[in-house]
Amino acid sequence: MALGGVDPLLIAVAAPFVAAVAAPFLARILHHNAAWLLAIVPALIFYHFTGYVADVSAGQRFAIGTDWIPTYSVRFSFYIDGLSTLFAMLISGIGAFIVLYSGGYLKGHPDLGRFFSFILLFMGSMMGVVLADNLITLFIFWELTSITSFLLIGFNHKSERSRRAAIQALVVTGGGGLVLLAGLLLLSYVSGQTEMSAILQQGNFLKDSDWYLPILILILGGAFTKSAQFPFHFWLPNAMEAPTPVSAYLHSATMVKAGVYLLMRVHPIFGDTAIWSTILPLFGGATLLVGTILAVRQTDMKLMLAYTTVASLGLLVMLTGISTEKAIEGAVLYLLAHSLFKGALFMVVGTIDHGTGTRDVTKVGGLWRAMPLTFTFAFLASWSMAGLPPAIGFIAKEILYEGTWVADQWHNVLITAVAVVGNALMFVIAFAVAFKPFLGAKVETPKTAHEGSPLLWLGPAALSVCGLVAAIMAHTTGELFIRPMASAIANHPLDTDLHLVPTQWKAPVNLSITTVVLGIVIYLNLDRVRKLIAGILTSIGWGPDQGFDQAIRGIVRLSAFVTGKIQFGRMEGYMTVTIAVMVLTLFVPLYAFNEWPTMPEMPDFAFYEWSIFAIAVVGLIAVLMAANGLVAIVSLGIQGFAVALIFMLFGAPDLSFTQFMVETLSVVILALVMTRLNLAPRDHRRRSQKILDGFLAITGGSVLGLTLMAVTQVQFNDELSVFFNEYSRVIAHGRNVVNVILVDFRGVDTLGEIAVVMVTGLAVLALIRITTPKAVEEETEKADVIKTPIPEQKEGVAS
Amino acid sequence: MEVGLSVLIGIFFAASIYLILSKQIIRILLGIAIIGNAVNLLIFTSGRLSREIPPIIPLDQDVPALGSANPLPQALVLTAIVISFSLFAFLLVLAFRAYQELGTDNVDEMRVAEPADQPKPPMGY
Amino acid sequence: MSGLFLINLLLTFAWGAVTGSFSAINLLFGFVLGGFGLFLIREQVGTSRYFSRGWKVLVLAAIFVYELVLSAVRVARIVISPTIVLRPGIIAYPLTVDRDFEITMLANLITLTPGTLSVDVSEDRKTLFVHCIDVPDPDETITEIRDSFERRILEAFR
Amino acid sequence: MSTIILRTIAPYLTALMVLFSIFVLLRGHNEPGGGFIGGLIAVSAFAILGIASGVAPVRRALVFHPMHISAFGLFMGAFAGLPSYFAHVPFMTGLWVSPTILGVKVDLSTPLVFDIGVYLVVVGSITSIALALEERESD
Amino acid sequence: MTFGETFIDICVRISLVILAVSFVICVVRIVIGPTLPDRILALDMLVALGIGFIAAIGVKTNFYLYLDIAISLGLVGFLATVAFARFILNRGLVKDQMIIEDADGAAQERGGGQ
Amino acid sequence: MNDVLDVIVGLVLIGGAVFSLIASLGLIRLKDVYMRMHAASKAGTLGSGLMLLALAIHAAELSVVTRAVAGVVFFLLTAPVSAHLLARSAYLVGYKPCDDTKIDALKEHLSDNKS
Amino acid sequence: MAGENTALAIGKAMVTAPVPAADWLVIAPLIVTMMGGALCVMTRKRTEYQPQIAFVFLTALVAVNIALLSHVTNSGVVVMVMGKWLAPFGIAFSVDTTSAILSLVASIVAWCVGLYGIVDVNNTGRRYGFYPFLLLLMTGVCGSFLTGDIFNLYVWFEVLLISSFGLLILGNEKIQLDGALKYAILNFTATTLFLIATGLLYGLIGTLNMADIAVKVKTLPDGAPLGAITALYLLAFGMKAAAFPVNFWLPASYHTPRIVVSAVFAGLLTKVGVYALLRTLVMLLPEGRSAMAEIIAIIAVVTMLTGVMGALAQTDIRKALGYLVISGIGSMLAGMAIGTGSAVAGTLFYAVHSIIVMTALYLVTGLIGRMGGSFDIRELGGLYKGSPVLAGLFLVLCFAVSGLPPFSGFWPKVILVESSLKESYYWVAVAILLTGFLTTLSVGRIWIYAFWRGGPESAPDNSEEGKIIPLSESLTGSQAALWIPIALLVSLVVVIGVAPEAMFRIVGQGAVGLIDPSAYISQVLGGAK
């Protein structure tokens, strides 16, 4: 199968990305017809995966990959088993039709090429998620789906609602992704493996470990946010701001199932424990109920579908959580069914929207004449969604009831009840979406209703028919897709035998009938139910969606508050904090080691030495006390002078020399500058501030002095100086060791030092010379145009 | 000797910190000038002290006289003096220009870069 | 130009003095450096005239040193005395010398000698204002200066 | 400042001080001194001249813009380390030649070149600062 | 130690003590002022004392290299005084309130002493 | 011979120190800045000059002597100039001489010029 | 007398083997930038030639740094003792992988900024030293990275600092002077603390050579002096690196200069601080580091969180980016706190990433400012239509800075999270992830305001009132000078994200060298001991 040494699977993964790059160019040339060309890519990928079906159903697994980052054990590796094959086929197969549908839906849109690009990018990322074997690779594709989803949701970017939905999706799924990252990293750390396939082979190693719960929670954090589980469900309905192809593809058929995929993938490691079977059904069930209840409440068809998607995802999570073989089978079947019917229904709603200009279910009716094809496929798809035979949805529902109805435990009863209520409500929505707009009296719509182009109906047609065919050929479907995938999830071979017609009249059939009856009852009382739910929601008055806004605003406000406290803008405060930190920095080690330097008897200084110290101190005090800047400058001279003399007393003539020069020049420059500076004698500080500053000054001086004392009381290593003394004259031909150090032993220091001096000169020149920015700039900009250097102002005299 | 000088250096540091903590720009600059001296003395003392004999090799010798001062800290301090002098000159002129342009010598009133009324971050999308 | 050359020689000599070596090469180098130094101040020295009558300069110097010691002693006496009773004042000294160089020299000598200190020269360069630490009679002081320094400067430099 | 006394004496002082600064520069290797101190003395010289006679004469005296002198000094300082490349020794290794000129052995070395670079940098930069400040004052 | 050395040593010590006293006096003048020119004058004097001090140390240690330091101290001391003088002049010429107050204050102080 | 030189050095040194002290005393005892300048510019210069000379004699080395002399000359050249500059600036800006100053020709000159 | 002594002494004091020409690469970046800077100053009045001259030297700088990195990766630590004096007596430039990679990335950034500056800096800016400042800034930066001597490091820090002053005030506007004053004084304080610490360290162990310090510190008993010195280094370099709570200088100044200056600052300045922390705390004073690990971790966490919160609180994009620089520093500090090989590698990787991405962000922001006429997210809008390419580039950088794959920021984040989990610093991992999350939020907000929104905040929904100024209106030079640097940096961001193997190897090697400096020590001191 190798193609130039590269496995075709890698090409299949890469192909959408390549196509994404090409898309804008194609769209520029072919406009919406580029869809035909671009759809070939997913179609070919789909075709490629059909090649695996036989082998996979025979129980084979493939790990294919190439080294990516050997140093960090990251491989560009993929794992093909029943689970990934079905997902990959759904993604590529539905993807092909979505590309076509996009061409029709966004015909004439100026950014169509970009749209294709994003869709294909997403497709590639999603393929990556379900195929990836390496945990890091998996995560990367996971995050890429979040990113592309962000771009697609915000496609109508001028609308604030779109932008909000986009960033909301990014925040929730991206945030969840970060949690997942931690989980995956820990998983890899604990298992010692980087490849999912290798971890799966280790089987139950984690279930008794202390790491089990933390890692599980982290992974659930990723999965629940991505798959819109309550209470993170709110982003998904908002994501409906995206163009319909996006909703159909990302937010029902594929991306939102990534979380479910992940749960199914890690099921062998985490599944079938008490924790697993408690948490997942709990959240899944809650999501199912919340989703369906909120769906019923809507009148926007797209939103109705969106909420039922939430509900379906809840159902899938719930089933995965139950962990029994039947439940897993049910989950797989329902996943397949849902992808087909929901993708189709979204496209149908899009077509209605496209054809009539509205999506409000109360504002359309009797469209079947105008849109016969659309109606047909809508009918087929919703039949499946309603769970009625002979659609795949029916089989799925039967199996899932088998899975839930293990009536040995009370909580399974509860779960089943939830499933029944949920399914009944989905039945209601299915009919509300499929029949209400098409049947009944014709209602005037913003646009005159018309059938869509083939680009628009091909997708619904294919998906809904697929649903039908899959159900009719139930056995084959089961053999080729359901059993391999369920086996992969269970991590051991299952024997599945699917039939369209139930072989035995058992509890599931009864439950199905209950579901339908309940559904019909609710459908007939839809308006009342809607009002009831609306009333309840109004009385609650809050939901996670508002919570999101509040959280974001809260974060921003908190940030502004904290930042205002930290970066408060007053220089004096900045300095105070800095000095306080310095004092602490020095005090703590002294205190922690409890090593205070010893104070010897009075140091033996000569009288004149004392007097020079005294002069230094008097100079300092004079600077501190100076009534005004002038006096301070002169006093500054005293201490500098004293320091120079100190250097001289301790055998440092070069230093003394330099200190005299530098001090004098400092004072001179200070005087030059001061001529124009206002020298108000005030010290702006309040008394309390002065006390604080004085405290900091005294403690700061003390800790520095003490540290220095402590340092100098350690035996000194004068190796370096001995070396310098020894070779200064002999090799470096200089008798002044200090100067030899400066220009030879440590000449590079001096090189840097003169760089400092040079730059200082230039910087000061810039400071002084660039005076009126506006005027000068205008002048020079003009000069730029005519390409002649402007004459030097002022300094031109010299040259 | 080092102990005695350490005390003096501590006083230098204390004075300079007190000045640097001022609001008046010129006092801050004075503090900076003094802290430069304090640090130089600190490095000088760190290399241990000896009296009066400079590290200069007499004409008829190959090495400096016994008990001569440690030359390395002197070289370090020289470099540091030059650098701190440069920085001081720059800071001085900068302070002067800031005073000219901003019309105040109180650093707490220099609030152009970080105005007191920071705009609130937008809350929409 | 010869004036400049002379100053250059003077600077060369100063170089020799400062470096403590009057070897040929050092003096040659000193000459070059002196030339460089002159080059830097070429504008300012362009019009000035060269020195002559070296011996009179020496005499002037000797007098000056003597006066300096005298003046220091006088200050000492004033400062040490338990009570200081002085009649300071600023007097206007009419200048005879009129060249920049001579005025400068005179003013400096006045400053370094007893009881007097040059404060300012009037814009028309005709008057030197001298602060005297104790000046019971201004005219006497003026005469003193005129007879000692100004005369000798005139002798030395004209 | 408009006092003839200073104006008259300043140029001579300047010339003397520049001379002294070169002296200090050249003997730095053996006695206290060197490029930096020498440079500072020269700066003081130009500062005195500037205060006495004004900024323009100093600028004219220096011919080149002081910053350019400074930059040249830096260039020279860095350049002084390069000849050692050709001697296959590390950067800034001191290389000495002692030609005999007029019977006197003269030590010439890359550290000396480097020290002259230091001198020029200091002279250039600090003079530039002083002159720029002085200029502002007189405007 | 020869007599000469002992003598010099004693003289150096005496001179250093005298200079130390002078230092203190000068510093007192700098601190008490009262006028800016007073302070500058005292600073100038301090430089002169410093030169003497360096010379004394030179004699004490037999290191004549201190001479150059003394000379350059003289040079820059001159520069400092020139700069300060110019500074006083400029401040005065821009009619700085501070200086006028400073001058008046000094005059009053003297007036009080009479 | 050496001892004689040493004695001279010691005496010159002390002489210089004493003159420096006198200058300092003048600084503290005299009444106004102009009078203090007398002390500083004369006794001060002489004091430091003498001490430099002491160093030169002590060294008894040509290069040191010539340098010391050059230094002294330089002080003699600059000290009066700085005194002049300081006095002039102080006066022009308005630092009045003390009230004992009976004669003030400069004041008259300046007021003449003004009118 | 001197002759034979000299011959004897040379053997004991100096390196006697001839120096291979390739070793000159360790000093070449400094020579190139210094001479280039000097040349630019000498020709500064010919403003029209300034960019050309600088460009030659900047290109040479990149070239020598590439050569240096390959030399180092091939032959290990490269040492040159300046002036031939044996280490630890002379100044040794000792370049390991850490130094070489940082130096290279920094020089690439400088190259980009130099190019961008052709258009962004006017004639006045050129005349008063933009290019010399930039080149000498690079002297400081490369010198800091390459030197093996702690005091010499201080000197290069100062070169860097003073050059940054020059760049900061180029323009002399009120806001610049205000920002520069705070920047200058606070940074001056930091370098002063550095100098104090170095002085004390010298007093304690009597040496300045880093390899020698690493050796001698081990022989020293733990005690207050060493503890104080270590803490002081942490404070000084932490301040340079803009760690909480001593990072006031950064938000006070980064938004004030020209955008190209902000760009180079954001890329380089703080990272030099991080580098110095790595060198001193991780390599030289490992005991002190591990004693303070908890404190560093707390600082790291607070820094990253306050940083990103600062970014969230801003309306000016430049300010927000400044805070993001801080936030990134927190992550780098986290790696240092954890201190394992992979954590340090993460820090190093993060530093490389941060240099590139922050510079690129500022450069792109420059274009936003030019095209949108403002840096205020309340006033921006409609740029998506105005320049989709710009939108794309900025978005890539947003994702990169948030640590999202497949861009350069992802890998260091993964490494750091992984190492903190492994070392049971769970809270640090949480903080890193939370910071990534908040960063996404903050840059995502900026992006949607500036690009997606149709017009300024006041404009009605779905409108298209965004003000778009064509680049040609604000430009006199070629647009390529703006786009090429951005394109180069963004492609680096992508390449490092997609093909990080080389970088992993380099930072891995760098981290190993820092944690176990024995190879470094033997290379530097080998001749002497």
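Read from first to last, the chains carry the letters A, B, C, D, E, F and G; within each, the first residue is number 1.
Keep in mind that, in the parts below, contacts are C-beta pairs under 8 Å (C-beta built on N, C-alpha and C of every residue); 3 or more make two chains touch, one makes a residue touch a chain.
Every value quoted in this text rests on a predicted model; they were computed, and no experiment measured them.
Engineer: Considering only chains that satisfy the touch condition with subunit A, which of them also satisfy it with subunit G?
Structural biologist: Touching subunit A as well as subunit G, we find B, D.
Engineer: Based on mean C-alpha positions, I'd like to know which chain lies farthest from subunit A.
Structural biologist: Of all the other chains, the one whose centre lies farthest from subunit A is C.
Engineer: Report the chain ID whose CA centroid sits closest to the centroid of the full protein CA set.
Structural biologist: Chain nearest the centroid of all protein C-alpha atoms: G.
Engineer: Pick out whichever of the two, B-G or A-B, is joined by more C-beta pairs in contact.
Structural biologist: A-B
Engineer: Can you check how far apart subunit D and subunit G are, centre to centre, with Cα atoms defining each centre and the answer in Å?
Structural biologist: Using C-alpha averages as centres, the distance is 35 Å.
Engineer: How big is the gap, in whole Å, between where the Cα atoms of subunit C centre and where those of subunit G centre?
Structural biologist: Roughly 60 Å, centre to centre.
Engineer: Centroid of subunit B to centroid of subunit D, CA atoms only: how many Å?
Structural biologist: Taking the mean C-alpha position of each chain, the two centres sit 25 Å apart.
Engineer: Distance between subunit E and subunit F based on Cα centroids, please, to the nearest Å.
Structural biologist: Comparing mean C-alpha positions, subunit F is 10 Å from subunit E.
Engineer: Residues of subunit E that touch two or more other chains: which are they?
Structural biologist: Residue numbers touching two or more other chains: 16, 19, 21, 23, 40, 57, 63, 65-66, 68-69, 71-72, 75-76, 78-79, 82-86, 89-91.
Engineer: In subunit D, which residues are in touch with two or more of the other chains?
Structural biologist: 1, 3, 5-6, 9, 13, 16, 20, 30-33, 36-37, 40-41, 44, 47, 60, 62, 65, 67, 70-71, 74, 78, 81, 91-92, 94, 125-126, 129, 133, 137
Engineer: What are the residues of subunit G that contact at least two other chains?
Structural biologist: Only 2, 5, 30, 34, 37-38, 41, 45, 82-83, 132, 151, 155, 158, 162, 165, 169, 172, 181-182, 185, 189, 196, 200, 203-204, 251-252, 312-314, 445, 448 qualify.
Engineer: Which chains are in touch, pair by pair?
Structural biologist: So, checking each combination of chains, I get A-B, A-D, A-E, A-G, B-D, B-E, B-G, C-D, C-F, D-E, D-F, D-G, E-F as the touching pairs.
Engineer: Going by the contact rule set out above, which residues of subunit D touch subunit G in the complex?
Structural biologist: Against subunit G, subunit D makes touches at 65, 67-68, 70-72, 74-75, 78-79, 81-82, 84-85, 88-94.
Engineer: Over in the complex, which subunit F residues touch subunit C? Could you list them?
Structural biologist: Per the touch definition, subunit F meets subunit C at residues 19, 22-23, 25-26, 29-32, 34-35, 37-39, 41-43, 45-47, 61-64, 66-67, 69-70, 76-77, 79-81, 83-84, 87-88, 91-92, 97-98, 100-107, 109, 113.
Engineer: Quick one: which bits of subunit B touch subunit G in the complex? Just the residue numbers, please.
Structural biologist: Against subunit G, the touching part of subunit B is residues 20, 25, 28, 32, 35-36, 39, 42-43, 45-48, 62, 72-73, 76, 79-80, 83, 86-87, 90-91, 94-95, 97-98, 101-102, 107, 110-114, 118-122, 124-125.
Engineer: Tell me, which parts of subunit G touch subunit B in their complex?
Structural biologist: For this pair, the touching residues of subunit G are 1-2, 5, 151, 155, 158, 161-162, 165, 169, 172, 174-175, 177-182, 184-185, 188-189, 192, 195-196, 198-200, 202-204, 251-253, 255-256, 312-315, 376-378, 445, 448-449, 457.
Engineer: For subunit E, which residues count as touching subunit B in their complex?
Structural biologist: Per the touch definition, subunit E meets subunit B at residues 57, 60-61, 63, 65.
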